[in-house]
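Next come two complexes, and both contain chain A; in the first it sits with chain B, in the second with chain C.
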Partner chain A sequence: MRWRIAAALTIGMASTPAMAANKVAPLPPYVAAYQPTNVDERGAWMMADEDERHLRDAADVIRDPALNAYVRGVLCRTVGEDRCKSVRLYILRVPAFNATMTANGTMTIWSGALLRLRNEAELGAVLGHEFGHFELRHTLSSFRNRRSGSDLMAWASILVANSGAMQISTIGGFYAFDRAQETSADMIGVRYLATSRYPSAAAADVWDRIMGEADATAIGRHRKANQKYVAGFFATHPTNLARATYLRAAAQEIGDGGSAAADAYRAALAPWLPTFLADQVKLNDFGGSEFVLAQLAADGWTTPLLFARAELYRERGNPRDLVSAAGFYQDAIARGDAPPEAYRGLGLSLLRSQQIEPGKVALRDYLRRKPDAGDAALISTLVDS
Partner chain B sequence: MSFRRLGLSVAIAAALISVPAIAGNKLIPAGTRIAVAKSTLTVQPASEWNKLGARPGRNAETWTLDGDALNDLTFYGGIDAGKPLFREADRKNRPLPTVSATMLITDIPALLESSYRIALGTAAMSIGTVEPVTFAGGKGVRFTYAFTRQGETLHRRGEGRGAMIGGRLYLITYEAPALYYFDRSVAAARQVADSARL
Partner chain C sequence: MLTSVPVFAQEKTGLKPGFQLKPGTARIVLLRPSIKVGAQSTGGMFEPNADWTAQARENIAAALGLAQTSLGNIVGDYVEPGNADPAMLAEYQELFDAVAQSVIEYQFFPGNRLPTKKRDGQFEWSLGADVARLPGLAGADYALFVTTEDHFGSTGRKVLQVFAALARVPVTAGVHKGFAGLVDVRTGELVWLNADLQMGGDVRDAEGAQKRVRQLLEGFPGKPADAPVTAVSAAH
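After this line comes the complex of A and B, so read on.
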């Protein structure tokens, strides 16, 4: 079983008692090179080892040594040097906000999360949360909870007349147990931040923006923005709103400061930013992508951000979008360090807007700047026709 | 029950279970011109193919030699503006991009790329070379691509030919594992795509 930071699915209507008192507990004592102790835990580790062998060779793993060293460094600075030695960290190129942890210490963080986080403190909050699942042995306790629950249901179906209500409450108990584990991982994550150089308030900021993006995605798809105030019956995670609220309260209680290291984060991500942006733009999620871009451009529109925004508008392709796209391409080009593809996008936007001659000029520029482009032959026919 | 009897009954059970799944599959004979993807697009294969009963979408159809995981020749026959390339698994949360009547031929590979990225949940999908070609009598595009499904290690290669004709998208794609299978049947697939006519 894998632990994920984000709830993939929130359905159901029934409410559960809110986690009222989330006190920030001290960190548990740490044991180096922990080994699974009993048959249940050895089984969980064996399955996790098998999954990790598969993951290690997967095509989605980003193997760039610099990026891996950087993200690992943030993990170590958050949870401490001794703790971080027990983790193998994999960066996956998947454009969604997520991070996962398995029983044996396999941690993944997805490129969509790296794109959305703004500084080292927020990255530390996410990685610390995942490490919390590992340190608190959540996979094992969740497995045991489910097994004893299903044993209970099996006996109840034989021994108790009309045991349906009991089964429903037991199943509900599984999900409530998972949510309680998520909350405790959040709280231990805050505790790691508090002992690190990073400010613990960063954890709550992440969830505020995730809510904003979910609303923007819904509105962009002509749906109602739909934030849940209480976790549903089948929800595996607390609501984003609940997490933002209790994390904010916990950080205020701790009241620590420190630098979130936003500049260092931006610099480390810079080589990958165009790739991650392109992955996001190709998701056909105009509202969400526009929100992410606006968040990233809080301190001003850089060339990669302008180019990504132009591609996003050109992809949606309404007549007004093509006009906007051409403008963003021109802004990117005016900054002087735009990639050749900016001329390609400008040319194609203009062609689709029936501005044939200016479009051809831009496409000729593209061919001059990148004569060996994969689509050079095709673009030449557009210029010549 | 002896092992032999057990083996036989397992075989019968397997045959019974698999009957509904293969019921719609059909042998495509060599040398006959045939309409594909419930459209006016026709092709004339020089060798035998198998048509799968399961369609990727309303105006799409898949042929294969050894199973669609090993070689997959898919026809998209005149996808209307406003429609996605293939059936959407989750329209609410992961809607696919749709065909637009004003698309340039450069947008055809981009549409396939974006659709695959969303449907397969992977960022490991890229377009290779893109070149002009005459396809089904129209001005079209021929492109290569490569992708890996999320969490898999198997690299697949693909080749597509498409054109916008009368505001509709006509597209034929061939894809197979890069190891051995792509090269083995690419010539047969190209022959089918070359024979496309409207």
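After this line comes the complex of A and C, so read on.
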């Protein structure tokens, strides 16, 4: 019943933050410009400061001001203006779904996550989760948990005969502690969403799709698709299924609405989409990449998506894939705004499908459109021979 | 009492054959030292300590300033030009760390040498000639890299060590390692590297830091043979 009400709100109302805020526990009071207090925390911040020096100057940080301002804006709209001031946000060009937070407020989000998320609300859910780790001081408590556990194990290994079982349960405790932290970061993330303009149901949507992708990857690699509810012994995070389930339940309880701002998200990501897609295609994960592309194309196949799909098929390179790839390249070209590389891909796919003359025509097209291409000399040998 | 696991037969210094640095001929630039100081928990975990690290950073900088006189050449701090590309310097810091670790791993342990590093008296490592293009190294001849890491054994760790010794279990207390290297800016070659996994000198106080710096610079090419110890201890 609640679920229906939530759905109706999503459609019918723009934003109901005040109403939502009444239903969820209030956020903890926030102290701006927090400084670490005790020796452990100061040490953790020092290490994080040193790491950030490296990160700040690292080559794989995306420095595009427009993209950075946009992602930061979503963070601020999710956790609130005063909270987001304490965070330095770095966008890393890594084609995997992840985001991180360190003790001193260094947040990273990876390009693979930006590619997979569909709207501002989902991005806010991911960033809010990471901010939750910072606000709840998780680095410090995790460090202390591990230290007291390893102290205990060190003594046990000397003083207790046959301490193996005890050591195993202590090690299991480390991972259980980390999983509990992830869950509490998830829950505070939902609370940020609930008080923001975004719908809190977005947090669960992320994990539903990540599960779908994991299944597609497994099937593509001829393995058994398998989602578990209970985390394994060494798991640092709850399973995706468990997260989707409890986040969905929490969002239903909150029952807030609001716009997820999918159009604005797509527009902001558009300049980087071809780059992120190219990185994804190179992962040699046919099943997973096909799934990601299909998700992105839910509202129709755009030129960058068609081109990426064509490249994906051409790289797998079965005879049937080359036929599909040529078709996708042609679809992309027919839309009128395809990159010159689409002609190269089309030509190479046709050549390898024994369609020599049409292939050469396409390659000549490529050379004409991009005469200074890095591989122009190589491609021209295929045309002339 | 069992204080440490047996030390492996390890070399500590590598010098490019024939390399000699005449006093007063070269300008050496010291890149930002990597310094990490903390405690070692009973279970062996590193507990970073911000105050100790700040002290060590100050003490080591002062000690390097003192030692400079005994090196016979000018050592200046690296000053990053305002408009420089910080990513490039960061990459070279990482590259130096990677090369230094490789030298320690694959050259200083004779039993572990790579097939290309087996010839006697050979020391052939390089960061590549593009080091010369690093902003801010224009007037410099050599770049000096310094790295130290200290985990001081906590009381708990030391008590554990005693009990462990009674039970005939080897447990070490404390980690004190460091290395220093000199790179020829014009060719990118690593001309000298000194690494020690069991260093002396408590970097948290001034005298200890001087001892540490003396050890770090042991075997530095081109300084007067017995100068470092006497010169620096004469300074106070």
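Criterion: the second predicted complex is superposed on the first by the 358 of 385 C-alpha atoms of A that agree within 3 Å, B and C clash if a C-alpha of one lies under 4 Å from a C-alpha of the other, contacts with A are read in each partner's own complex, and residues count from 1 in each chain.
Here, a residue touches a chain if its C-beta (ideal position, glycine included) is under 8 Å from a C-beta of that chain, and two chains touch if they have at least 3 such contacts.
On a predicted model such as this, the values are computed, not experimentally measured, just so you know.
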{"item": "Which of chain B and chain C A:W155 touches, first, second, both or neither", "value": "second"}
{"item": "Contacts of A:R147 with chain B and chain C, given as first, second, both or neither", "value": "second"}
{"item": "First (chain B), second (chain C), both or neither touched by A:A33", "value": "neither"}
{"item": "Partner chain(s) touched by A:R221 [first = chain B, second = chain C, both, neither]", "value": "first"}
{"item": "Contacts of A:A298 with chain B and chain C, given as first, second, both or neither", "value": "neither"}
{"item": "Which superposed partner A:G43 touches (first chain B, second chain C, both, neither)", "value": "second"}
{"item": "Common interface positions of chain A, toward chain B and toward chain C", "value": "54, 57-59"}
{"item": "Parts of chain A lying in touch with chain C, wherever the complex brings them together", "value": "36, 39-40, 42-47, 50, 53-54, 56-59, 146-147, 149-155, 157-159"}
{"item": "Chain C to chain A touching residues, read off their complex", "value": "36, 38, 41-45, 47-51, 53, 86-87, 89-91, 94, 156, 160, 163-164, 167, 169, 171"}
{"item": "Residues of chain A that touch chain B when the two form their complex", "value": "54-55, 57-60, 93-95, 111, 221, 223, 279, 282-284, 315, 317, 348, 351-352, 374-375, 377-379, 381-382"}
{"item": "In the complex, chain B residues that touch chain A", "value": "92, 95-97, 100, 102-107, 110, 113-114, 117-118, 121-124, 127-132, 141, 148, 150-153, 155"}
